[in-house]
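Multiple structures are listed underneath, in structure tokens.
In the two assemblies presented below, chain A is common to both, partnered first by chain B and then by chain C.
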Partner chain A sequence: MGLYLLPAALFLAVLALYPFVELIHMSVSQVSSDNIFGDWPFIGAAGVQAVAGTADFREAAVNSLIYVGLVVGVGLGGGLAAALVLWRGGPLSGFTLALMVFSWALPGLINGVDWRFLLDPRGMVDTILSVARVAPIYWLVEGRLPLISVALVNAWTVVPFATLVFRAALLDMPSEVLAAAEVDGARPRQTLRYIVLPLLRPTILVLTILSLLYAFKSFDFIYIMTFGGPGTASTTLPFLSYRLAFELYQFSNGAAVAVITLGLIILMAVFYLRSVQREERA
Partner chain B sequence: MGGIPMTEPDPGSTLLDRGLSRRQLLKGAAAGAGGLALAGSLAEFLAACGGNSPSTTTTKLDANTTGNLEVWHYSSQQDVKTVQDYSQLFSNKYPKVNVKLTYVEFSEMPKRAIAAAGAKQGPDVFIYGGNEVNAMYKAGVFKSADSYWQNFADKGQFPDGVITRFNNKVYGVKGYVNLTGLWYNQDILDAAGVSVPKTIDDLNNAFAKIKGAGKVPIALTGQPTDQGDWTAFPWLTGYGFSYKNPDPSAIEQAFTLVSDWAKKGYLPKESVQWGQAETFNRWVVGDVAFMENGNWNIGPASRNVGGKFKYGTTPLPAASGKQGIFLGGEALWIGGFSKVPDIAWAYMQETLLSKDGLLITLKESGGIPARHDMAGLPDVTNNPLLAAYTSEVKDHGAEYPPEGGAAIAAQAVIAQNWSAVIAGQKSPAQAAKDASDGVKANYKA
Partner chain C sequence: MTRALAARTGTALLVVIYGLPFVWLVATSLKSDTEIFSATGLIFQPTISAYQTVVNADLLRSCVNSAIIAAGTTLLTLLLATPAAYALARVKGMLVNIGLGALILLQITPQPATLIPLYRVLGGWNLLGTQLGVILADSALLLPFCVLIVRPFFLSVPLEVEEAGVVDGASRWRVFWQIVLPITLNGIATGATIIFFIAWGEFLYAITFLSDPGQYPISVLIAGQIGMYGIRWSNMMAIAVVASLPILAIYAYTHRLLRDGLALGSVR
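Right after this comes the complex of A and B.
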């Protein structure tokens, strides 16, 4: 039995473990374009500590928290709402789901470019708002709006996935329990609060962890829509890592940010695995 | 930006290591475009810079030479014809060499080139003019062209400012230079009753009248990228900024200027998302009076503006004579792992180092030839759109990338703060302090 696992283990070792080990190696070494293909002098944790102490890192960490919170909150909230609407099916349900899957399946690059145009002060969103005499909103320019706007666009792509998963869980829900609640006179809101949401708890947990992982490593929307700006207003940890490594060629610093980010993601992954195991045992 | 210190060791030798001052470099660069500077001082300058690389024997190439040559470029669909046209000059002379032009997006080229170098691969020729040449050189992306250059009959035609050396050896040569100037929509200026501005006060007065006339005064690049740094540099240096001396008061004056433009609605705030192409596209619409953009738009402007409005170019107003304007343009480089370096050099010679090749870039995209013997061509001297640029080259031309590419992290700091100021994310004073601190922390040329 163990031998059958060997190809998969080798595959993972080559494509996941080796880059991971190299990343760790880079983060504790001094690496620039000078020696990227040569020897890497060991500097230990000094590089990680130096990066973690910078204002750039702190700003990116705060931005990441806001970004992740919005993507997960809006993505799952929107997904649950959509799943509840589409739960019972109907002529438009399949069509709506197909549309949602389409938007989910579109590459982030295309979604990002589309939304960048839509959110331009001369774009469709502000044009529509102008009908209601709303002054142009600088979605990708002013204050925290660029970070929030990109996060909401990213959340928009999480909604279809969450909808599909929530709807599957809803369809799997024991109908006799729901029927009993109805016979007992429970109102829809009470049914949702006391029956549906508790039964959805495992699904919510799994989706939350998956969305957290997805949001935390999200990069493409920021790259396309704001390039981390204006200034550094929408720079998150993955984007900071990219910028340090591939724009400034400070590979060690980029790797250090990536390692810290990875550490957080691994923590979430462990939490996810343990919750899955608990659900399986239950 | 708080300024993450660079951990990379001091960069290898660059242009500056030869004991030449930045001023000399600027003079050399300025002398480059179209041979506009005095020939005497340039000859003296060139003599001071003469290399001493040993000559080598190269394979004699002729019309029967066969082989494959891969060329990486980043010319988009809009201007790839120029690359195809000058590449044809090489193909005419060496018809049995198969030339493959490979498009690689501009910002991706350094990364892909470095990754390829790690696998000891890459193209035979790079057409690249970005600011990451130092990192690419250190990663082994380029092969020295020094031995070819020393035997190149026309080498005296090129000023030192367009030649990139590492460790005193020639690696890359720009056949033409590009820089930014001020484009204007003559119809808007006429309607608003303003004349072409010569000073910053003129510019501010013109902006007020144009805004009052319901038009957008100016478009420029506010991206937090090297394009933003490119755009900011003339304004910053006009107030006395340099990467070696990032005086916060000089930075603050420039940032205050552009911040006021954004606050007063002279400069659209969404310009923080614009690269140079988007800036051009916005100006072409016809309701923007000015744009800061390059001479490479001469061709696209004639195609896209057509007869929609009358337009012209003028030098960027300067706060002082210290103003520096980056001399860009695409250099040619031999790939570090090219198996046919002789053919790669022949490609360089026949295309962007030749008069015919440079005539193509001049006519099709407005690139100002660096060869001295092309300075007097009617195509250069009689083109009114080029006149503003040629005068800028002479008076304000500055080395690009600055400090031989060693200031890349410092450039990023400037670009981020430029962007933040336009968007209103930071006050000019705060951005100036952050920029000054960041440049000091990151500039180690």
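Right after this comes the complex of A and C.
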């Protein structure tokens, strides 16, 4: 079986693991545009510590938490709601699902461009609001709105994926149990609360982890819709890492932010899995 | 509210939330510049002037470039990922856990973090400024994802099926090629479709590693113009529609595959 693994392993070793090691190397070195192609003096954890203490980093960390929270919360909540709506078939449910999954299949680039205009004061959202005599809202400009708007657009593409997975889990559900609940006179809400949701628990856990990991590294939507701005208002950790390296040419600081981000992702995933396990044992 | 009514209302809401943005995208691409500014919503005089402006030799060439990069990436990724996913589904023990752990670690690394090291690697091979370089970078980005998607399909092939082949005297390779692969074709097609879509929309590597505009994929045309001041939205939306068409065409054939394949791939 080794021969089956070897090509992929070699390929990844050179083009993925080596860059990964270089990233860590860069984060513990002093690298600027002067010596990017030369020697990298070792500075240890000093660079990582210095970067983690900056106001920019704290802002990006808070932004990342808000972003991830919205993508995971709205993505899973919306996905569950949509799956329940489409569960039992009915007119248009196949078409609706296909339409939703298309928005998931489109690259973030195209969805981002589309929504950047839809959220423009001349775009779809404000045009619809103007019917209700609401003054134009500058979604991608004012205060925390840009960050929230981009996160919601990203969640809009996560919902279809979560819907698919929830739908598959719902279709797998033992129909006798659901039929028994109905015979016993359970209201739909009670069935949902006491039968469906507990049965969906493993699915919710998997989806939480997947969307958490996905949202934390999300980059395309921010790049396309706000480029981290205005100012730094919608700069999350991956985008800060990009900005430090490619706008300010502080390569080691950018690498340090990327390494801290990865550490945080792993920490969150492990912490989450641990708490799930502990709860299951109790 | 009865259940049927709730389901219908919910379905209608979903159709609006997911359909209207695309209707608006197409509508905007059919507007003149003056009509975009007058915010006329969906009631306007359609014109194809934006398409007449943007659809030219350069745009068509960028579509060809996108097709080369996306198809090349899909091919290379599948070639490497399929046997690896099979092995990781059949072998047991520490090695598999280490392998899967490494794949997940690579999968969660933010893409920009790999730009500088990859720049150096590709530079060392004289592949900067070439589409082959972008294909290699894209494949490295998507290979872990592809293995993780395809592996569950191999896991679901019963071992007895393979043992029967071995008993009949087939070599390991023939068992894989003639028995296992045909059964798992759906999974491989699911992986191929998703890889193609992502590679079609990838812009960060392409914008960084390519320098000749004649080699740019359509994603770079979009990403490169989006930040410019005084952007012409009807033109931008027309390009976005053109860039979406190949995906729509493939999706029309593969959406059932994706619907069933994604749920399987992600939960195991």
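Annotations
In the analysis below, the second predicted complex is superposed on the first by the 250 of 282 C-alpha atoms of A that agree within 3 Å, B and C clash if a C-alpha of one lies under 4 Å from a C-alpha of the other, contacts with A are read in each partner's own complex, and residues count from 1 in each chain.
Keep this in mind: a residue touches a chain if its C-beta (ideal position, glycine included) is under 8 Å from a C-beta of that chain, and two chains touch if they have at least 3 such contacts.
Just so it is clear, the model here is predicted, and its values are computed rather than measured.
Partners chain B and chain C, once the complexes are superposed on chain A, run into each other and clash.
In the superposition on chain A, A:Ser241 contacts chain C only, with no contact to chain B. When the two complexes are overlaid on their common chain A, residue A:Arg116 makes contact with chain B and with chain C alike.
In the superposition on chain A, A:Gly47 makes contact with chain B only, while chain C stays out of contact range.
In the superposed model, A:Ile36 lies in contact with both chain B and chain C.
Once chain A of one complex is fitted onto chain A of the other, the partner contacts of A:Ala215 are absent, as it touches neither chain B nor chain C.
A count of residues in chain A touched by chain B and by chain C gives the higher number to C.
Using the contact criterion defined above for the overlaid structures, shared-chain residue A:Ala55 touches chain B, although it does not reach chain C.
When the two structures are aligned on the shared chain, A:Phe227 is found in touch with chain B and with chain C. Looking at the shared chain after the overlay, A:Ile195 reaches neither chain B nor chain C.
With the contact threshold set out at the top, residues 36, 116, 120, 227, 246 of chain A are in contact with chain B in one structure and with chain C in the other. The part of chain C that touches chain A in the complex is made up of residues 3-4, 6-8, 10-11, 14-15, 17-22, 24-25, 28, 36-37, 39, 41, 79-81, 83-84, 86-88, 90-91, 99, 102, 105-118, 120-121, 136-137, 139-141, 143-144, 147, 176, 193-194, 197-198, 200-204, 219, 222-223, 226-227, 233, 236-237, 240, 243-244, 247-248, 251, 255, 258-260, 262-264, 266-267. Those residues of chain A that touch chain C in the complex are listed here as 1-5, 7-9, 11-12, 14-20, 22-23, 26, 36, 81-82, 84-86, 88, 90-93, 95-103, 105-110, 113-118, 120, 122-124, 126-127, 130, 156, 160-161, 164-165, 167-169, 188, 202-203, 206-207, 210, 213, 216-217, 219-220, 223-224, 227, 237-239, 241-242, 245-246, 251, 254-255, 258, 261-262, 265-266. The part of chain B that touches chain A in the complex is made up of residues 1-9, 11-12, 111, 114, 117-118, 132, 134-136, 138-140, 222-225, 268-270, 272-273, 408-409, 412, 416-417, 419-426, 431. Remark: chain A residues 30, 32-34, 36-37, 43, 47, 50-51, 54-57, 59, 116, 120-121, 138, 140-143, 226-233, 243-244, 246-250, 252-253 touch chain B in the complex.
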